[in-house]
Amino acid sequence: MLESIQTFWSGLPLVMQILAKIIVIVMPLMLAVAYLTFAERKIIGYMQVRIGPNRVGPRGWLQPIADALKLMFKEIILPSSANRFLFVVAPVLSIMPALAAWAVIPFGDEMVLSNVDAGLLYVLALTSVGVYGVIIAGWASNSKYAFLGAMRSAAQIVAYEIAMGFALVGVLMAAGSLNLGEIVKAQSGHAGYWFWIPLFPLFLIYFISGVAETNRAPFDVAEGESEIVAGFHVEYSGMTFAVFFLAEYANMILIATLTAIMFMGGWYSPFPESVPVLGQPSMLWLFAKISLFLLMFLWFRATFPRYRYDQIMRLGWKVFIPLTIVWLVVEGVWVYIKLDPWFA
Amino acid sequence: MTPDVAEFAPLAAEIFVLAMACFILVLDAYLPDTRRLIAFRLTQVTLLGAAVLTWMQYDTMIGTTDRMVLLGGTYVADTLSMVLKLAVYAVSAGVFLYSRDYLRDRGILKGEYFVLGLFGVLGMMVMISAHNMLSVYLGLELLSLSMYTMVAFQRQNGVASEAAMKYFVLGAIASGMLLYGISMIYGASGSLDLAAIGRYVAEHGAEDRILAFGVVFIVAGLAFKLGNAPFHMWVPDIYNGAPTSVTLFIGAAPKIAAFAMVMRVLVEGLGGLHADWTPMLIILAVGSLAVGNVIAIAQTNIKRMLAYSTISHMGFVVLGILAANKVGYSGAMFYAITYALTSAGGFGLLVLLSRAGFEAEKLDDLKGLNDRNPWLAFLMLLLMFSMAGVPPTVGFYAKLSVLQAVVSADMVWLAAVAVFFSIIGAFYYIRVVKVMYFDKPEDEAPIFAGFDAKAVLSVNGLAVLALGVYPSGLMAWCAKALG
Amino acid sequence: MAFTDLVFYVFAAISVFAGVRVISSRNPVHSALYLVLAFFTTSALWLLLEAEFLAITLVLVYVGAVMVLFLFVVMMLDINLVSLREGFARYLPVGIAVGGIIVIEMIMVLSARYGDMPKPAPHPASYSNTEELGGVLYTVYVYPFEIAAVILLVAIVAAITLTLRRRPGTKHQDPAKQVAVKREDRVRLVKVPSEPRQ
């Protein structure tokens, strides 16, 4: 049985193989997005001593499916003087990079769709391109609130992208490679070998910048329900809105995955390899780490009030960027003296 | 393949200037407004230190070789670079000193002014020591960017902001032309290294027409930066619009750097094509002499008048280069250095005459200067005579040496044209002298100027005379630099 | 024609089209977006040459940062399109002439030297564009590289000098002061003697 599948697989043309791989990555991702929204409502519910959705299906498990169906059948409303083409293209521009970035994410030793040399740069480039969806949506809607949200988002993302890039330079210096698989392999071993210890400030900055890049609370001024209604997607309805929603959550999962890969040892186990079963590297460890970071995303949202806009800018430009630069110098010294065990 | 740290040692002067500029930038952020002069003093210390380092580098180098090409062929140290760099430091130090009180009166005595000035000096140093098209271009951009910002430094001044915009846009076009020319040369020769380009030109210069196209664009770009007609339109507006202290800065030392750039690119890199660029330079020279000297007559604003005079002087520098022989090059070098000195003195005097709420920029503002302060009037007389080329000032000798080179290159008619326009030009320089000595002063306010600024201006003015009487020392260095 | 050739011509055509639209489109926002498209296709062309570092950096820097700020400004400005297009037709012949000359010159440069240039041989699998670039950037071209860094520093200094103004009297918070505040600064304990009962 297994053999016949293998011969069938290798008999497929390369394009089909790649397509199959893409489906294997994207389908679970979409499911994960759906259930992340469910998890968000449930977890925040419990944090606020509520129950959360529990009507659709057993214990509310079918809620995301119902939401998706509802959005699919709603009408897409085009505002009267909106720019038709850009209005429709914006959600696509938003989700495309969020999905395309997964092409270089390694799930295991050889489990990666495309083993790109400059994978780290590729991911950084794609996350920075995601902002176009937001800006174009805000501009094409021809609405004040949407435009304000877009402008806020553009300034914020550009500011945090720099800190994010510097944090990644730190990872690059530590691993000596831009290839994400190589970066994980450079951290092989238990939790003491991972980069989060020597790069602790960069780790924090990367994750916080990631929260800011995805426009999540407490950095969600681009949406800011209480001030500008829903920001850049205020005019969107039905499926176009759903696509923005998908993109936001797919980006959250992406940031969580990248943090796990670059600072938390990817698929390596936190225990020494001598521990039976638990000490073995496995994709499950990666998923556990991703889930932990996703929980942090939700936890932030339940805990912190929204930052004021000027405070966001101050944090990005005056705190994070100088801090990353200082830490790069520190790290440079460590790399030079070959600090054990990370830079040996 | 890792670069050796020892290879950076000859760059000590550049590294020192950069480090000090960064240090002043940071230090200034923590200084209270009353102690801004610290930035000024540190700037002067920086220039002095750079001079010492440059001389030490030259002194150690000259024992073994007379020319050092370093860092993958991007940097060169030779006698030319040493002499020009020292001239740049000296002129810049004087320029900063003259402008100190002016800046304080106008509330723009800020650390950033001097930091930008130092970065400009660094840009000039890079241009002077460039041995690669990339270094030439990057040095030029570093200098230009600093100058654009300095022109706009007085933010509430609308005229200055307009001048800065003009300068920026036109400068960007000029850089674009230069880059386009460089890309063509690169396309033809396959290298950015000036020595490699020189070798390629020597071998294939005659049959490769692309090189000629490249030279057209490069000459246009260089002429723009030098301020030669017909690419001179920016000069009067920017000289007039900028605060006088900035005009002083951009009118002096950058001319030396521009000369160095022309020497490096046209002579060292594309010297084999001098048959192509000589006719272009003739047009530039004649145009500059005509435009500069004739239009200057009509000016009543002395800053504008001196701007046109700059155009004509740059015409003379080009004259020396187009002769394409050693005498011409060293003559042009002598001319560029002494002109920077004279120009620094001329604008420096205008800066000293200005005070809070008053800009000395009209010709009428000089009326009766002799009655108000005979010594300053005498210095201005020397400077004007030097610009006009009256013996025994240095301007005469500089013009003479350039003209000798032109004649020796069998272009007597060109020398005649240059003399003709110089005689026209003498009219408006001497008019300044007439205004100072024979008109009644309209403004009786006493002239306040710091003792040190006056002393340096006196040295500057007298140097113009002294170099005219004894030109042989500097001339020998110029000859040695290009020998 | 090989598949890569086809890819090249498709991207090259899109790039040229986008370039033309940058200057011919009526709406400045559209122009900026076409410029983004041009950057993307150019980056794809670089990828075909196995210059992946340059390609991705082009997207990262120009598309991800520079053009976002461009769009930011262009969208905020209320540009009067009519006055912007005034004289477009008048200057068009001159523009076409200059552009034409430049194209002809470029053709001369390129065809004379590189007209029959063979396709670059594909690099071995171990080739890393990033390493190659770093190799020359930090050795042969270290001097221009550093000067470029200084130019960027000057640009920062210039931008801040020309725009930073401290307006007195604005009501802004100083977070450092807020954080550094002590109990003694805010709370005053007052001893109020109780009045004797009347």
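First chain written, first letter: the chains are A, B and C, and each begins at residue 1.
In this text, a residue touches a chain if its C-beta (ideal position, glycine included) is under 8 Å from a C-beta of that chain, and two chains touch if they have at least 3 such contacts.
These figures come from a predicted structure and were not determined experimentally.
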Most distant chain from subunit A by Cα centroid: B
Most centrally placed chain - per-chain CA mean versus overall CA mean: C
Pair of chains joined by the greatest number of C-beta pairs in contact: B-C
Geometric centre distance via CA averages, subunit C-subunit B, whole Å: 33
Centre distance in Å when subunit A and subunit C are each reduced to the mean of their C-alpha atoms: 24
Euclidean distance of C-alpha centroids - subunit A vs subunit B, Å: 54
In subunit A, residues with contacts to at least two other chains: none
Interfacial residue positions of subunit C with respect to subunit B in the complex: 102, 105, 108-110, 112-114, 135, 138-144, 147-148, 150-151, 153-155, 157-158, 161-162, 165
Subunit C contact footprint on subunit B (complex, rising order): 1-3, 11, 18, 22, 25, 71-72, 74-75, 110, 112, 115-116, 119, 122, 126, 132, 134-135, 138-139, 141-142, 145-146, 148-149, 152-153, 155, 180, 184, 187-188, 209-210, 213
Contacting residues of subunit A [partner subunit C, same complex]: 86, 116-118, 121-122, 124-125, 128-129, 131-132, 135-136, 139, 147, 150-151, 154-155, 157-158, 161, 165, 178, 310-311, 314
Interface residues, subunit C side, partner subunit A - complex: 29, 33, 36, 52-53, 56-57, 59-60, 63-65, 68-69, 71-72, 75-76, 128-130, 172, 175
